[in-house]
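Each of the two complexes below includes chain A, the first together with chain B, the second together with chain C.
So, the complex of A and B:
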């Protein structure tokens, strides 16, 4: 769906102006992309209605009628397991006067009833009953026309359920494109597949969504400074703090479609991030199966990775935190995060992953805390007019990319680079300016 | 998903083990002391108030329809905001002391208020102490967060100067989506 260009060619936000906010050739960014309300509204229209957005993990919807209330950007969406085993999703908005159909976060339902006037919907999102249909509507309402808006495209990729409002969008694997080789390496490691551990973390950060998404896409650079306190704190008592250093050898990949990932390739202590019990599993039976399925280098030579699927789906393989950054205006996000585990892992391994994730990457996690602090302060500084006129630097490793890496396909740079950030913002600029 | 952890026992059972005003006051004074220690960022001293078998737990919480309200809280084994033992608390304190824990450097200003203290004896010098809390946090120039909920503690008589150690703490927060940038402090 080529979007209707409400302000293209006229006004302040011409296509040319929007495209110029990002210059991936020189590695500069215009900070207004994080602050401007009109740009944000265009993001909702031109990026979030056309991109594949993460909805939930299949394991959250075990039986027919299980539902999960989520969002596609700011739009509330109900995701529901159907009787035939399929998953459907529809806008959580009653078509009568627009009331939220379901106000529970999750649960099991045989039907959904709007609490305003009582319109009733089945779990597939069809309008099934209307109070006073006879004496009020005189039997003149065509119920088949007044169901909530379905999400026209739903695809499941290794247990991860994604939705797209654009019925003409490429399928999800094509959308991943050159990123697929990497995501297969992260999500398709064992035949048993994955599940999310019950419950989730949700919290609010007063910052633009792109700070978070870009960091998980491209930013290994911040880790050994922002997170140094956590790296040191996790060392056993008495060990020299210099042991808290990050490994140094690794690569970063930038996708043609704006996705990105980075990782280390030397053996490193981060492999034991979730403790010895999890490490024994992930370096033992899990790795043996991954070697059979994927071979090297994906089975064991990629570690401590970060990744984002454009725009808002991020994962830290190995650490196992999975999240979506829901935008809430130009200056706010909700983080919705889960811990991902192998479905057939022993219970004690799942428990180790659960504890590892909540103690490191959740609102109270000793790593996560410091990320938010950075993003929030950037956002506040951008209230300043002069601050918004300073171009920001996203030039690390510019010109040093290669496409003929012996082990890693696609556009590759050093693990400490901003190649994937440039790709992320290029995709953003192309979509928001209507170029693609 | 589970029901509210540590729900109030019935009143008959409570009155059978009614605590004396002296004990009530002693435990309240302990809770006030602990609040003061936390608010003055004396983390090593706070750590001394924790029993070696500590379980420090804060479940996540969900909007559920009433018919499913037994699943309002995350169950054991599910996502929690805190699920700590004494070692992991030590790790958190170690981090705060590195001088590079940016989320708390410069530090937040906190004020732990406790009220509605209800005490039950468990025998063997152990007491259940429920309280309502209001935790005010001010950070940097003008950020304010307010946390309100209930704490369910198990306190144990101790030879330490404060008189008790905290063996269990379950923290109920009256929010679903956490309206805070992080939880870089202790409840």
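So, the complex of A and C:
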């Protein structure tokens, strides 16, 4: 779908100017991509209405009528399990005065009723009932024409439910493309699949969504410095501090479609991250099954991975935090995060994962603080007139990519590289300029 | 009297209702071993009461929370003001009959 040109060819936001904000060939970025309101409005139109966006996990929609209220970028959507077992989603906007149809976060419903005038919708999103239809509307309203906008494309991938506003979008697996080999390695490890455990963590950060999404896509670089104090704090007293050092051997993958992942391959860094109870499961029955299903290197030779599916879905395998970076203007995000565990893991393992995620990557997690602090400080710096005029460097490892790695398919660079960041921003620039 | 066979007892789960389709759809509700039949369409706004929530011997419309007594059809909460029509029910050999006359 080529988007209409609200700003294309006129004013300051020409296609050429937009494409030039990212130069992946020299590894430079124009910081306007992080703070400019007009560019942000174009992101909503040209990126978020055409990309596959994470909606929820299937385990949140167990039976007919179970719903989860989420967002596709700034658009509120309701995701609902249907009586036939399928999942549907529609814009959470009443077509009468535009009120939010459902104001609950999640639950089970037989119907949804707008709280303003009482327009009623069935769980499939059809307008079913209008108060005063006879004496007010004189039976002249065609209810079939006034339902909320359906999300035309919904796909489930290993329990993860994604939606896309673009009816012509490629299917989700094709959208993952060369990333599929890696995501299968992260999400298709056991036949029982996964579930989200506990509730959801939500918090607000005053920063652009791309800082977070790109870091999870491409940035192992920050880990051993930004998180140094947390890495040291995690060590038991009396342990040699060298135990807190990060491994050094690993790879980074950059997808043609803007996704990315990176990981270490020399030691299983995070095996104990969620404590001994979780480790016994994930190194034991979980790993044995993964070896049968996936083989190596995906079953046990990839560790401490970070990943983003373009644009806003991220996961840390091993740590098990799953999240979406919902944009809220150029300088704000809402982070929605869950802990993911094997569905058939014992209850004490799920509890250990929940507590582990709570301790490390959550609103109060010791590692999360470091990341948020960096992102919102950058955003503050970008209030400066001169700061906004400085190009930023995204050139690490430029020209050192390979496509013939013995173990890892696709475009590969060293674990410390910005190959995936360049791929992420190239995808962004191509979409926002109308090139793709 | 016009007794009509509408369903089997195990078609209706306890504490729920089903819709019997027709020009004038009927809702059949089950509370334990007792069955009730009413008009399926809420008297306030057009919606199926068999989709509603059962609370005690009452059905609450899922749309606007109008509330009716299953036994008498009496309105127990606005926005409905018109009582719900109820029908006699008879159970024989695991089959549910409603007097739709």
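One rule holds for everything that comes next: the second predicted complex is superposed on the first by the 434 of 436 C-alpha atoms of A that agree within 3 Å, B and C clash if a C-alpha of one lies under 4 Å from a C-alpha of the other, contacts with A are read in each partner's own complex, and residues count from 1 in each chain.
To be clear about the criterion, contacts are C-beta pairs under 8 Å (C-beta built on N, C-alpha and C of every residue); 3 or more make two chains touch, one makes a residue touch a chain.
Everything quoted here is computed from the prediction, not taken from an experiment.
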item	value
Clash or fit, chain B versus chain C on superposed chain A	fit
First (chain B), second (chain C), both or neither touched by A:197	first
Partner chain in contact with A:230 - chain B first, chain C second, else both or neither	first
Chain B versus chain C as contact partner of A:355, first or second or both or neither	first
Angle at chain A between chain B and chain C, C-alpha centres, nearest 10 degrees	80
Between chain B and chain C, more extensive residue contact with chain A	B
First, second, both or neither for A:120, with chain B first and chain C second	second
First (chain B), second (chain C), both or neither touched by A:78	neither
First, second, both or neither for A:316, with chain B first and chain C second	neither
Touching partner for A:110 - first (chain B), second (chain C), both, neither	second
Gap in Å between nearest CA atoms once chain C and chain B share a frame through chain A	11
Chain A contact footprint on chain C (complex, rising order)	44-47, 51-53, 62-64, 79
Interface residues, chain A side, partner chain B - complex	103-108, 197-206, 226, 228-230, 232-234, 241, 334, 338-339, 351, 354-355, 358-359, 362-364, 366, 368-370, 372-374, 376-377
Residue numbers on chain B that touch chain A, as the complex places them	1, 58-60, 62-65, 68, 71, 74-75, 77-84, 88, 91-92, 94-96, 98-104, 140, 176-184
List of chain A residues in touch with chain C within their complex	109-111, 113, 118, 120, 122, 128-131, 133
